[in-house]
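What follows is a group of structures, each given as structure tokens.
In what comes next, chain A is part of two complexes: it sits with chain B in the first one and with chain C in the second one.
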Partner chain A sequence: MKCVPVTAIIGLLLLSGMILALSAGKYPLGLSDISQLLTGNPPHDPRLSIVFWQIRMPRMLAALLIGAGLAAAGTTYQGMFRNPLVSPDILGVSAGAGMGASVAILLGLSMLYIQGLAFVGGLLVVALVCVIARFTRRQDPVLSLVLIGIAIGTLCGAMISLIKVLADPYTELPSITFWLLGGLNTITINDLQVAAPLTLLGLLPLWLLRWRMNLLSLPDEEASAMGVNVTRLRVIFIVSATLVTASAVAIAGIIGWVGLVVPHICRIITGANNRQLLPMSMAVGAILLLVTDTLARTVSSVELPLGILTAMIGAPFFLLLLMRRERL
Partner chain B sequence: MTLVQFANTAIGYPQHPVLQQISFNIEAGEVCCLLGANGCGKTTLIRSLLGRLTLQGGNILLQRRPIRDWRAHELAKWMAYVPQAHDSPFAFSVLDMVLMGRSIHLKTFSSPSAKDRQQALELLENMGIAHLATRQYPSLSGGERQLVLITRALIQQPKLLVMDEPAASLDFGRQITLLKKIRQLKSEGMTLLMSTHHPLHARAIADRVVLLSPLGAQQGSAAAMLTGQKLAALYDVQEADIRHHLGIEI
Partner chain C sequence: MDVTRRSLMQGLAGCGLLAAFPSLARAESPLLLPFGKMPMPGNIRQVLSAGAPADMLLLALAPQLLLGFSSFDLRQGAQWLSPSVTQLPKLGRLAGRASTLSLEQLLALKPDLIIDCGDISDTFRSLAQRTVTQTNTPYLLVSGKLTDSPAQLKQTGAVLGVDSQAAQLAATAEQILGDARTFAASTGKNLSFYAARGARGLETGVTGSLHTEAIELLGLRNVVSDTDRKGLAQVSLEQILLWQPDLIITQDEATWQHITQSPQWRGITAVKQQQVLLYRRFPFGWLDAPPGVNRLLGVRRLQAHLDSGLRSAFKAEMQQFFLQFFHSTLSDDDYRTLVPTI
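Moving on to the complex of A and B:
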């Protein structure tokens, strides 16, 4: 089978990405340093231990988690809405989660509430998009879903701007602005402790039900005739994918393109069957975000916001796909 | 034994009734063909039978139980549906497409096993399209897609197979293959309901023919229903034209 070498290659890429992310930076760490730190031996320079455990390790784990999560959410939305052009950002879910999180930051709430309101904001947007899509049945369904998402996303963006105007310019405004840029530079272990369980909670149903995700790509009446409770399955997928997206947005801001581009790349490798596609998307999403984040913090003396880099890589790549392939 | 009973059924939508007072039965083990002009409500009737459309009156009974009381997973064990060949937004392989029909036989969190794949390959072989197994569904011709969708319904192992114009996109040879397949399924004990635009197909296989027109449904044996007079009224043409174009005495 050809899938064995592909899995090995992806695994190898993931491992080297992780090593790169842990070693690169102002305090370069060699392989021996990393293995020493991992086995619990104190390094020759005590600062290295702080750099490794407090900064690089949480940041690497966050990149893996968010990359895998956004790619899984994108794969899910695409399969479930039968629409290869949607993703957490295009549907407006990211902006909705951003709006929720901004409200929480404005009110000075803790990480758990930021997560909670991000989830509520994201869910509200998906629900709104679904309801409006029902009223636009006369339009082309693929296009109208994208356009509705863009419109709702813009609306949420406007609300976020309004929140920024209302925010205290000395305390809340910088933290909202900083967070909105999208990046992993402020990730702490505390953030991860909240976001990781929620992300995994959202990923679990997606993973377990991933073969059934295929059935939702069929017209509703066919899936139903095969015994699928279409509405229930769709709600499970929407809630789970939105939870994953919201957790990512709450700790890292709005990171675009990963959820749209990664499933397309992976369909070329594994085909459309979500049984193989979802794990592949998660792995490639994790690698992509890890490498991008490592680049973002090492290519120049100033750290680049991650969102800028993912857009610079994702947008041209997507256009290339659009031009090259007959069918996405 | 009566498997399906349309009892004074009215189908359609609240503001747009399509057909009213439809009454006919489908007995277990028989082939029933639906005929009617374009837009007469054949697809609407099939969607109502699948439980996807709320009835506007009367009842549809499967095994003497109203269709609206059946849950999707119960219904899927009895009845499989072959839609008209369509496009798919994602490039599933033919094998994956067929295996989706196994969902009712799988546990919620599981996916098709090697045994299911073996069964799918055998059925594809049986349908004469084993060579398509690894092809991508959207790259197939309309006729090939139709055969894949039929295979997908068969792997569901239903007692009643509902097909919406299965012959519409098939070439002449494959139409004959399909009719033979339908006879074979019937001999294995399956009940079939199909809509068709070909009176000759109905004559070749149907035990029962249902003619759908805005006036309602008429049912009877193939010999009683497929007369020049009835077909001329159904399709709004001259009886002589029917005889002339079907080329044989009907």
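Moving on to the complex of A and C:
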């Protein structure tokens, strides 16, 4: 009985968010224009077609995809690492992607290379963390991964700082700064054609194995006693979540807080069972990023960096949750 | 007039405020701000440039005194400049914590004077003062506004003892700026532009920023304005579709290619009419970065693009500018490489 209204409310919010995102913006585009465009009739102003199909639609889809992906990755990692402070970039994927993108901008490469190096950088850093973790067998494997991820992430952060020092302060440095702050203003349909299959490829195992995520919150011995291959399952989740996060970061830059805050909000709604928590997190993550991005492109005469807005909304909300709940 | 307790308190508070923030007390900032004991012009043998705009200023005024560039390594790929210029080493910049030249390296170079050009806000003044205190080397801060170029050249030239060279350069700067003002009052004010930066062309300089002031000098209206800031900003393509600038200007090839080839940009009239101008860095930018006297040539080139009456004379003007400001002879072939189309 309780599930139906909550699902209906989330569905309604998602639909409202999509209509708002498609109709709000600097270029005047009314609901009648949208219905005309959706039914395939040529609009009175040919530019409306570009605004709708080439700019707003890819941007809305990217917000939904990235929001859902980051929230799913955050939910997976928080369950797997048994730690409420974990976010999707805990294993250094964002820092690695940031380093890759910064190198590409420093070399004056085109967007294709910036995104490619960001994606590869993110994957390589997580792979490095996992390889180093294999040499720390005496330590708790979960704790080792988190600590190595923090260390390698910090190292990448230092490299990004070095690149910023070397960059031209009038040209490359502002571009690196804008990229690191995240944003969806540069998204094209081509970006989505590459990033969406990779994100969905990462989301699929998370979705299908979400009930097994619950078992990873148990101590390894107990989970193994129930017939689960803990190591293999952990590798599947890390690879999948990394693929999702790296795809998101490659096309949108670093967008913080969504993967950290959304799982906490959703635990209040659904409880800690990942069968319900993961779908709810994906839906709420998609709504949150969609609304935030709509704000980022409408509240000011120029675009506000998305990473700043998600932090401004996410951080106070997180503190509120901390204050009102006894345990996370 | 009665002096009430309230007016007395207001007066005292005002005096206190002005004492605490001296910049508020200055009605008009001078162009040159010396820190430390300035050497006599005849005693200056070596000058250190603190940043890219100062590189441009000193290269124009006194390359014989320049220890090296702060931001340019011209040993490769700048064949159109004379060897005396390209052989100057890149030493690194002085910018507080963002410095790439250490104070120890600075002392080892033994400059008689350090010159920085650009922003002269309290942040840069305090950095200059700190450098003087630590190294005991005099420091000259020059306000880098493009419209002040003639005075910048003359006053800095006087400090360095190169008055006649400075007077020639200032005359050229005055001529370019004067013509630009005349153009601004007639044709320029009817045109709008968008200055594209970043790989997708969606980063830009806001009206009044140093990234676009050279173009705005010609009277062209920057379509991006924000009352709250004067720096760089991100915009969406949707906004550019709405603004429909007459011209799009960029200095990066990757940006130009994206704008001219992407289907998203086809709804913009400037793209349809092939009014997307690529002003490549060579390696000194034409209109944007570095924000130095090099932009005078960019102003002239853009004016020549917009005013067909100036086009035929531009090659000779550019060759003259190269000779005066970069001390290099620009061949006709090199001109065609640098300016494929005006």
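Here are some notes:
Here is the rule we use: the second predicted complex is superposed on the first by the 255 of 328 C-alpha atoms of A that agree within 3 Å, B and C clash if a C-alpha of one lies under 4 Å from a C-alpha of the other, contacts with A are read in each partner's own complex, and residues count from 1 in each chain.
Criterion: contacts are C-beta pairs under 8 Å (C-beta built on N, C-alpha and C of every residue); 3 or more make two chains touch, one makes a residue touch a chain.
If you're wondering where the values come from, they're calculated on a predicted model, not measured in any experiment.
In the superposition on chain A, contact is made by A:Ser224 with chain B only, not with chain C. Applying the stated contact rule after C-alpha superposition, one finds that A:Arg212 touches chain B and leaves chain C untouched. In the overlay built on the shared chain, the residue A:Tyr27 is in contact with chain C alone; chain B does not reach it. Using the contact criterion defined above for the overlaid structures, shared-chain residue A:Thr7 touches neither chain B nor chain C, since it reaches no partner.
Contact with chain C, but none with chain B, is seen for A:Gly108 once the two complexes are overlaid on the shared chain.
After overlaying the two complexes on the shared chain, residue contacts for A:Thr136 are found with neither chain B nor chain C. Of the two partner chains placed around the shared chain by superposition, chain B is the only one that A:Arg267 touches, whereas chain C remains out of contact. With both structures placed on the common chain, the touch criterion links A:Ser301 to chain C but leaves chain B unconnected. Here chain B touches chain A in the complex through residues 47, 50-52, 71-77, 79-81, 83, 86, 88-93, 96, 100-101, 103-104, 106, 108-112, 136, 138, 156, going by the rule given at the top.
Those residues of chain A that touch chain B in the complex are listed here as 79, 82-84, 142, 208-212, 214-215, 217-222, 224-230, 267, 271-273, 275, 327. Contact residues on chain C toward chain A in their complex (touch as defined above): 52, 71, 93, 95, 98, 100, 197-200, 202-203, 206, 211, 224-226, 232-239, 241-242, 251-252, 254, 257-258, 262-264, 266-267, 285, 288-291. Taken together, the chain A residues at the contact with chain C in this complex read 25-27, 46-47, 50-51, 54-56, 105, 108-111, 114, 165-166, 168-171, 174-175, 178, 183, 185-186, 188, 297, 300-303, 305.
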